[in-house]
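In what follows, chain A forms one complex with chain B and a second complex with chain C.
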Partner chain A sequence: MNPAVIVDGLIGGLQLGLLAVGLTLLYGLGGILNLAHGQIAVFGGIVGAAVLDADLGMPAAAVAAVASALALGLVLDQSIMRPVYKRRGEERILLSLLVTLGVSFVIDGVLVWRYPSEALTMRVGTGGAVDVLGITIRQGSLWASAITIVAIGAVIVFLQYTRTGRAVRSVIEDETGAQLVGVNPATVRTVIFGLSGALAGLFAVTQSMTSPVTSSSGVSYTILALIVTVVGGLGSARGALLAGVLLGVVNAVSAAEIGSYITAIILLAAAALTILLRPAGLLGTTR
Partner chain B sequence: MTAALSTVDATPTRRPPWLAYAPIAVIGVLSLIVPLVVGDSRTWMGVATSGLLFACYATAFNVIFGSTGQLFLCLGALAGVAGYATPILAEDVGLPLVVALLIATALSAGLGALFSWISVRRSLGVIFTGIVTLTFSLGFGNLLLGQRDLTGGETGLRIATGADTWLRELVPVYLLFLVLLLAYLGLFQWLQRSHFGWAFRALRDDPVAAELAGIDVARYRIWAGGIGSAMLGLAGGLWAVTEGFVSPTTFAFGEVDVETLVILAFGGIGTLVGPVIGALALTVIDELLRDAGQLRVAVFGVILITLFLGFRRGVGPALADMFRRILPTSLVDRFT
Partner chain C sequence: MLLEVEGLDVGYGSSTVVHGVSFHVAEGEAVAIIGSNGAGKTTTLRAIAGMLPGSAGRITFDGDEVLGEPTHVVSRRGLAYVPAERHLFPGMPIHENLSLGAHPDKPDPAQLARVFELFPRLEERRNQSAGTLSGGEQQMLAVGRALMGKPRLLILDEPTTGLAPKLATEAYDALAALRSDEGLTVLVAEQQVPLALGLADRGYVIEDGHIELSGSAADLRGNPDVQRAYLGIS
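And then the complex of A and B:
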């Protein structure tokens, strides 16, 4: 087997992990299963593409992509998610799933209708490939993985060491307990919805360095993020990263060796089997 | 004391049993107007028949989700299992059409019962049942694309069985699906009024309490999953034969499941006529948006959000509530 395939899988997997972290934190925090996650990423990507089209340069486009996805996350949190937060437990998850499914259609429909052929493609570096330890890697992939690793590091530092990050983890652990020690779950939720959006936007940026982010790719991003989140354990950020890398490698190897249809089935089966055999996910503990 | 008791006994709120089935007869008679008016228009009969198909899907989903709260997100796939198995069994294996249809329906029913069994066994909540069935849905779509030899892949499968018979004529096919819908509605109402209905209501409100009251929750959930999936399968199989063509899009998640969910949410989950009202409304909306292209998807999303945030019990029941405030209760109760 070509080692480059595994490296590709690792790089793709890191990005998937980053996308899934946003989804899993939202679930762990507020019992929100956001089925519009991939569409938020694509929204950021298309805004970035518009900035690129206006010749404002790549850094501006990347910032615009992240900022717009972040803003969309905040808007959703403050508008249509509010009635959802009023419900508790399983009813809230179910309602969030149905409402965000609607949101995903709205974003998808509007983007594909208005910008059917728009896509974000960032050509970073000279466009050629470089040799790392005897393995050929495209420059775009290197940039993408560097940015992703930095972002993952930032998320970990945020969750582990900052005051807000600790508040986030306390809410995941026990919402009532967190409230008792003075953490406001609503504020934390808003922060995480924004963060989740920003990570989705960043995913679109890094993704566009290796393959174009088209206006219709939202559905597949959402499904991939959902699979990774489930395998990693809903609510576990570390699980999502691990599952992302693992499934990224499986994805790349299987696509190269077996074929794309079977690969999709393998990934879906991984999610289904995780739920059946180990519902808490790879690293999760059963609550 | 005796007087009080006798008044209780003397108020015959119990209606004659046939009255429960009266709405179905009304739907049947009203639906006969369609072929009388547009019977020779290929377009309109096609639209109307597909409306009936979706009312069938929604009634089946009503048995599974509306009655027992199992979120199956693989309605299209379950219909598709039979939709593909029927022509394959009839043509590649050479079975008679009716036998092929029955086996295909049994296959869907078995799968549905299996999903129910798994979700009961592993005590999956609504969400996990939803995700597991969603993965089946997406996996099934990929399987159809991958097994090119058997399914024709992306281009789909042309079906010779039933060609040049009444199964391909406009009005007979419409009537076939009308009969199917009426039968499904009858089955739904019969289930609600039998011991199933009592168990369904109890376990939907509180599964733990139902279990404690001696209801075998697992058994009733599996029955609901199996019966509902059989209904999906039969409808999908018949659709394949009468259309003469199936492709992965025919049974895709975005085509079947989403629309069925919207229909049921619109009409009112768990109600008898909800699927019919919802299907009628969605058919009209779909026709109005025919030229809107991708914007149709966005409008669908807006409808979905509005329905779930604004009309939790469906537009139908919300309207009924409004009428109830205006009209005497006795009059409204007779029809809801």
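And then the complex of A and C:
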């Protein structure tokens, strides 16, 4: 097997992890499974594309993509998600599925209707490929990986070492316990909805460095993020990263060895197998 | 008066469990609420902590009405509630559980040192996850976490839940030490009446959601009804 395939898989997998982290954190914070996650990423991507079209340059486009996805996350949290938060337990999970599914249809519909041919493509560097330890890697992939690693590192540092990050983890561990020590779960949820949006927007940016982010890619991003989240363990940020990288490699290898038509089936099979063997996911906690 | 509860009604859904309960806790006092399982002790405390809405009555903490405030707001006022289920953060090490106790402020190193002095076991195991601790250690951690916020009032619900008799006695020894060393104000709900009356200055007896009896700990210990129902003396 060509080692470049593995490297490709790792690069793609890191980005899958980036996409899934926001989804898994939000779920961990009290059962909000955001089925519009991929659409939020694409929304950011299309805003970025509009900024590129206006000749404002790539850095501005990247900032616009992240900022607009972050803002969309905050708007959802403060508006349509409010009735969802009033519910508890399974009711909340079900209502969150319905509401965010509706949101995903709306975002998809508006984007495909208004901007059918818009796509975000960022050509970074000279556009050529470089040689790393004998493996040819496109410059776009290198940039995407570097940005993703820095972003994921920042998220881990935030969660592990800041007081806000600790408060976030406390709500994931025990919401009542968190309230008893003075943490407001609603504030934490807003922070994470925003963060999750920003990471989705950043995913659109890094993705666009290797392949275009089109206005209709939302559904496939959401499904990929869901698969990664389930395999990694709902609520586990590290699990999402690990699962992202693993599935990225599985994806690349099956595409190269069998054919890209089969990869979706193989990814789903991997998710199903994980649920059978480890219902809580790779690093999830059973509750 | 630090805590004043007046005519409190609390329930779950349409059924009222606590009826017109009134009591108070003055600064520096230790007060016990005693009663059997299901008498309404936990329901009362949960209402004080903001975890249940009251349907009638008032709860004031240091003169401010707190009934109806969300739990995190009540907590930040300096009213620390340690529920019987403890609600620790099981996947986090002891030191993180303690740090969170000081939220949203930075943990005070002096306060942390005091908690470790009170519960040396917690210092020995500071990097161990809370979920792997024994019941007694979890209780120490729950109290320690509550103390990290330098509360003005510590409210404990059945601190001896799941503890062997020797550990239960130790838990009350630690509470007694807290009282004598720091003058901490304590409100404790307890089924193990001898332990609670040993700690408290005053007590209230709650039955079927009503306060049936109140008085100094010594009076309650001497009361024939209390002796028969809770102290195993006939």
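The working rule: the second predicted complex is superposed on the first by the 287 of 287 C-alpha atoms of A that agree within 3 Å, B and C clash if a C-alpha of one lies under 4 Å from a C-alpha of the other, contacts with A are read in each partner's own complex, and residues count from 1 in each chain.
Keep in mind that, in the parts below, contacts are C-beta pairs under 8 Å (C-beta built on N, C-alpha and C of every residue); 3 or more make two chains touch, one makes a residue touch a chain.
Small disclaimer: the values here were computed from a predicted structure and weren't measured.
Contacts of A:A167 after superposition on the shared chain: chain C is touched, whereas chain B is not. Applying the stated contact rule after C-alpha superposition, one finds that A:W113 touches chain B and leaves chain C untouched.
With both structures placed on the common chain, the touch criterion links A:I223 to chain B but leaves chain C unconnected. Residue by residue along chain A, chain B and chain C are tallied for touches, and B comes out ahead.
Of the two partner chains placed by the overlay, only chain B lies in contact with A:L94; chain C stays clear of it. Using the contact criterion defined above for the overlaid structures, shared-chain residue A:L180 touches chain C, although it does not reach chain B.
When both complexes are overlaid on chain A, the residue A:A60 reaches neither chain B nor chain C. Applying the stated touch rule to the two superposed structures, the chain B and chain C interfaces on chain A have no residue in common. Against chain B, in their complex, chain A makes its touches with residues 33, 80, 83-84, 90, 93-95, 97-99, 101-110, 112-113, 116, 219, 223, 226-227, 230, 259, 261-262, 264-265, 268-269, 271-272, 275-276, 279. Listed in rising order, the residues of chain B touching chain A in the complex are 71, 118, 122, 124-128, 130-132, 135-136, 138-139, 142-143, 145-146, 254, 258, 261, 265, 293-305, 308-309. The touching residues of chain A, counted against chain C in their complex, run 163, 166-167, 169-170, 173-174, 176-185, 285.
Residues of chain C that touch chain A in their complex: 49-51, 70-72, 75-76, 80-83, 86-92, 96, 99-101, 103-104, 106, 145-146, 149.
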